Amino acid sequence: MKKANQLREIEIIPNFTKHAAGSVLIKWGNTWVLCTACVEEKVPPFLRDSGKGWVTAEYSMLPSSTLTRKERESKKGRPDARGTEISRLVGRALRAAVDMTKLGERTITVDCDVLQADGGTRCASITGGMVALALAVKKLESEKKLEKNPILNFVAAVSVGICGGVPTLDLDYEHDSTADVDMNIVMTDKGKFIELQGTAEHNPFSDSEFSLMTALAKKGFKTIFRKQKDALK
Amino acid sequence: MKKANQLREIEIIPNFTKHAAGSVLIKWGNTWVLCTACVEEKVPPFLRDSGKGWVTAEYSMLPSSTLTRKERESKKGRPDARGTEISRLVGRALRAAVDMTKLGERTITVDCDVLQADGGTRCASITGGMVALALAVKKLESEKKLEKNPILNFVAAVSVGICGGVPTLDLDYEHDSTADVDMNIVMTDKGKFIELQGTAEHNPFSDSEFSLMTALAKKGFKTIFRKQKDALK
Amino acid sequence: MKKANQLREIEIIPNFTKHAAGSVLIKWGNTWVLCTACVEEKVPPFLRDSGKGWVTAEYSMLPSSTLTRKERESKKGRPDARGTEISRLVGRALRAAVDMTKLGERTITVDCDVLQADGGTRCASITGGMVALALAVKKLESEKKLEKNPILNFVAAVSVGICGGVPTLDLDYEHDSTADVDMNIVMTDKGKFIELQGTAEHNPFSDSEFSLMTALAKKGFKTIFRKQKDALK
Amino acid sequence: MKKANQLREIEIIPNFTKHAAGSVLIKWGNTWVLCTACVEEKVPPFLRDSGKGWVTAEYSMLPSSTLTRKERESKKGRPDARGTEISRLVGRALRAAVDMTKLGERTITVDCDVLQADGGTRCASITGGMVALALAVKKLESEKKLEKNPILNFVAAVSVGICGGVPTLDLDYEHDSTADVDMNIVMTDKGKFIELQGTAEHNPFSDSEFSLMTALAKKGFKTIFRKQKDALK
Amino acid sequence: MKKANQLREIEIIPNFTKHAAGSVLIKWGNTWVLCTACVEEKVPPFLRDSGKGWVTAEYSMLPSSTLTRKERESKKGRPDARGTEISRLVGRALRAAVDMTKLGERTITVDCDVLQADGGTRCASITGGMVALALAVKKLESEKKLEKNPILNFVAAVSVGICGGVPTLDLDYEHDSTADVDMNIVMTDKGKFIELQGTAEHNPFSDSEFSLMTALAKKGFKTIFRKQKDALK
Amino acid sequence: MKKANQLREIEIIPNFTKHAAGSVLIKWGNTWVLCTACVEEKVPPFLRDSGKGWVTAEYSMLPSSTLTRKERESKKGRPDARGTEISRLVGRALRAAVDMTKLGERTITVDCDVLQADGGTRCASITGGMVALALAVKKLESEKKLEKNPILNFVAAVSVGICGGVPTLDLDYEHDSTADVDMNIVMTDKGKFIELQGTAEHNPFSDSEFSLMTALAKKGFKTIFRKQKDALK
């Protein structure tokens, strides 16, 4: 079993499927997410004739990805609130990686489909989604569709928390469901924050606990950004 | 115009409407939210026979609350993703104020309906919703339905951000739409964090910028918690 | 308690909120409805290039407006049948007040959101909605967007019924739920009918009872039209 | 062509289909409605253990019933507002014909499906639905399921209006779409009103015009109630 | 009662209703389906500017058509899976009857609404729908809108099965619900297959059983194609 | 490139994910489907207290599985008609493999999620789903929850068609989209038909063409059933 200050094993398999412009299977411990990036040569109405592109994301869990089978959203006739929220988070995170003017008037949709869940699926989605996005950009470059590289920086995400009083890096499902505090941090590979989402349903936390958690996260990000770059070699 | 380190004017009018157990109109600058707390003597299925209660929240904007009229969710046939996300945030925040065992097997639903929006509607909802919740608890006490006071602590929320390089407290709509960083902070009246949600779509932020923002927020919370208590006198 | 031939107290507060072109809070006894009129410079497809405008209305009740909390329509995934029916009634009534050719190719949407309900919400919506509509027209005039005043006449509405055998004006919730006959009457300020909707689930009614009810209504309309005009001064 | 004070030809064919307890095809001029009454041995939740029954109605138009094909509601994913409103009207009208205590704890659902529309579909639905309901009651009686006849009185409906200044009985589609006033009247066979719905989108109407219209309607009802009874012989 | 190698009585009544370009009531034993064909002078997006037309179908059952009342799809807020599947089958079958280039850029929608069901509703829909389609084509010809007849061949359908070990033609509801094998066969009047759908939930079937069933079907098709042509005379 | 009478390469990877009772990744050429079987200790209402179990299936395509990205069903708010139809087919096929009395009152849901599509996804779903189902049954046996093995026989599926006049086994996407006839055949490992679905949108087919196609299918089934059994060893 991993220690509180360690990451789980992370493997990023590039070009997993063949139709999407970028495709990655990220295995983060027992959390597996298929991240794909598809390119469409059009933008949403609010960006038409702006010269700018768009990046968006959709997150969903397969019914059999969870311990107990999860009903499909299409059966319920409405998107799942938690899933919609994560889709929005992943989209915001990945947009922070891209210079939309350099991307040009096209949309990249990053789909994050969870094949198997064991905690940290949104962090795996952002981390794997970044690689799928980079692969799609590479493909656009190889097709001579981009003048300049639109990638501003890499982004990745990791969770931290406080479990039984102990600041902990990279919560799996068991940790997550019992943690006093659960925080997801999205950072750039230049060490700045893109998004912080810390929640304390069980026990409020202090400034100093916050500092301990961000320190742990920064430690983990070193490995994570290295894994991303290795996958792209 | 208010300074970067100031709050807008806040007024909390208790007992605004008469059917809900607790009802508050919070006017936070030009942001007006009607917060009501209704009590039902039943709990969701996952809590049945647990002896525990539940607190949940629903957030929605009236069509005419925004600068340009906003289409109704019921017309679109699905709940609005942003609204659902804020409903979940308000619910989590308010649950951190209540000892569910002392509440007993009943549900308090806090509705936050925005009559007029000018930035910071989610923070006004949490802050006003806490007062509506406290009024509903008072009513339950006056009806001899509670043995012990289930309020663990008060919670409130405020936004902070970085606007044109300046750390800024309490963003109105104009600030919000141009800020580099936008962070919503939910705290207890004992000075601990319940929820942190910081987003940097335009410009990533550093640890020290984070510290400046939380310091501003803490300054604002003093006034905010006082307003809540004054409304309950 | 009011007598059978009296109206409840009516107060119409103009310019209640600030984003809509016209905004009114009507307090009709304990029934409170926020009526707002928003202008859009476009018309529905069937009126494009006709030179004519359109007036439409949407009616909805806040969840906490009723004695027992009412579930939101967006949660149920479909508009509420009763609410849709009232929306259509309010729209028809207000269209009878406007010369669409003089309005020009624009749409005025009147939103009637019930903050607190105690019977007669559809009549309050029509009566308050008329004032919001007039305020929006005034605003268009002050912006020099209209050549001629498109208001043909004022419209208002009141309920009448037969309660315990007694013809009664202006039914509150308690009256409404026990009345043998419940009739909503929409009239112009020139004394003509726009809409009659009389229903007798408990006890069919005769011609002469109909005459007694309309006589009562006409008496009430004098006060109601005066209240509308006072609010616009 | 019929005169302004005449009814169109009305034919009521009983037992048109075989699965429903009561089934009628009503041909009212070129308006054809299949009205069926199905019995279920249960009641809605609000009537359980009350000893009372329930009557409800559903109205819908086949896609090919109108001049231009009408899209199916199920395709649009939501019930049609006009159809829902008419369903509610038909239900209220038919409930006025039944003593729910004598019906016992069962529900009769009257489906009114318009095969061909030429104006007056809601009146044909109420008039034909009444016969289908009566046939279903007869069947319950023949099965010895009722102690007493629950039919209080017959109900029927007819439209009247003012077309080009002329008070007119029984509007067909061409009349209906140009009428200044359109009123649907539901009466009992004892000459009392169950429901009045008069609408003047084009031209408000006076008390005396109202009297002329109701007089015309009463004349028409004599024939209509006779047609109903003939169909049941 | 009919023998295993016989068809039920089939009657096809042309021009049953008047608004649709083609309209047929097909009575196939106690299965009655109203089949109408409406023409619109436009095509779906994927065919625009192709010079080709389109034929599509929609199948639905009236609530009172079944032994026990069937809830309306619009009430459930989603189309019925079985109904959608049959709509697709009927559409495919009827498209096989038409040369889309000769039809020109217009859409014919064939609505099949089951008034009364007793097994074989999809076969009655295809068979009756073909006649409605042919009537609509005749109308287009009489209006001089077609240069050449677009009908390639007639199509019709019949069910066959194995009931209690006996190969059986034309299953009614009672047969259908107990059959070991149920197969729907769509053929052209030139004796070729358009669609085969055989299902064995209870008992798998062999090649030779398949041959016995298709032989029975071919025998039935002779009568069925004659009925279609008689209706068009 | 494969010959007309050959199968594509098939690989069935058992135990691909870990939460479901049975899990298989089937790679059938470039068509990849994740098939999982989840067990719930309850049955649908129509089987309660019958002592019988139930097997059902759900089929869906990931957005990035197709050449052009496919919009999610949950975004459209309704299940996809083609997907629903395939779900029903897979369910029927798999139910033919199980003795429901021996399964006992539990439900096995087989999810077939297409990760990558290149024709034949429904056949891959049935073939892979059978293995997932068998793995789930093995797990139930190892948990001592079954008295007797409920598997009656294995089922599998393959497509055949006529492409450019040539009877062809196992159509990939390119073949499928140009075939004159496309037929999916579901068989038991005992050589009997469970389901036949043959469609000829382009060109009707004859009895003898049907025989050529079924002969090809039977040849393919030998390999397919061997692959299933190998995966279970």
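The chains carry the letters A, B, C, D, E and F, assigned in the order they are written, with residues numbered from 1 in each.
Here is the rule we go by: contacts are C-beta pairs under 8 Å (C-beta built on N, C-alpha and C of every residue); 3 or more make two chains touch, one makes a residue touch a chain.
These figures come from a predicted structure and were not determined experimentally.
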item	value
Set of chains adjacent to subunit B and to subunit D	C
Most distant chain from subunit C by Cα centroid	F
Copy pair subunit B, subunit C: interface residue numbering same or different (half cut)	same
Subunit C and subunit E, separation of their C-alpha mean positions in angstrom	50
Subunit B-subunit E separation of Cα centroids, rounded to whole Å	58
Chain centre separation (subunit D, subunit E; CA means) in Å	33
Residue numbers of subunit A (touch at least two other chains)	77-79
Overall pattern in which the protein chains touch one another (line/ring/star/complete/other)	ring
Circular arrangement of chains, read from subunit A onward through subunit F	A, F, E, D, C, B
In the complex, subunit D residues that touch subunit C	78-79, 81-82, 84-85, 87-88, 92, 95-96, 153, 183, 187-188, 190-201, 204-207, 210, 214
Residues of subunit E that touch subunit D when the two form their complex	17-20, 23, 30, 32, 34, 36, 38, 40, 58, 60, 62-67, 69, 72-75, 77-80, 109, 111, 113, 115-117
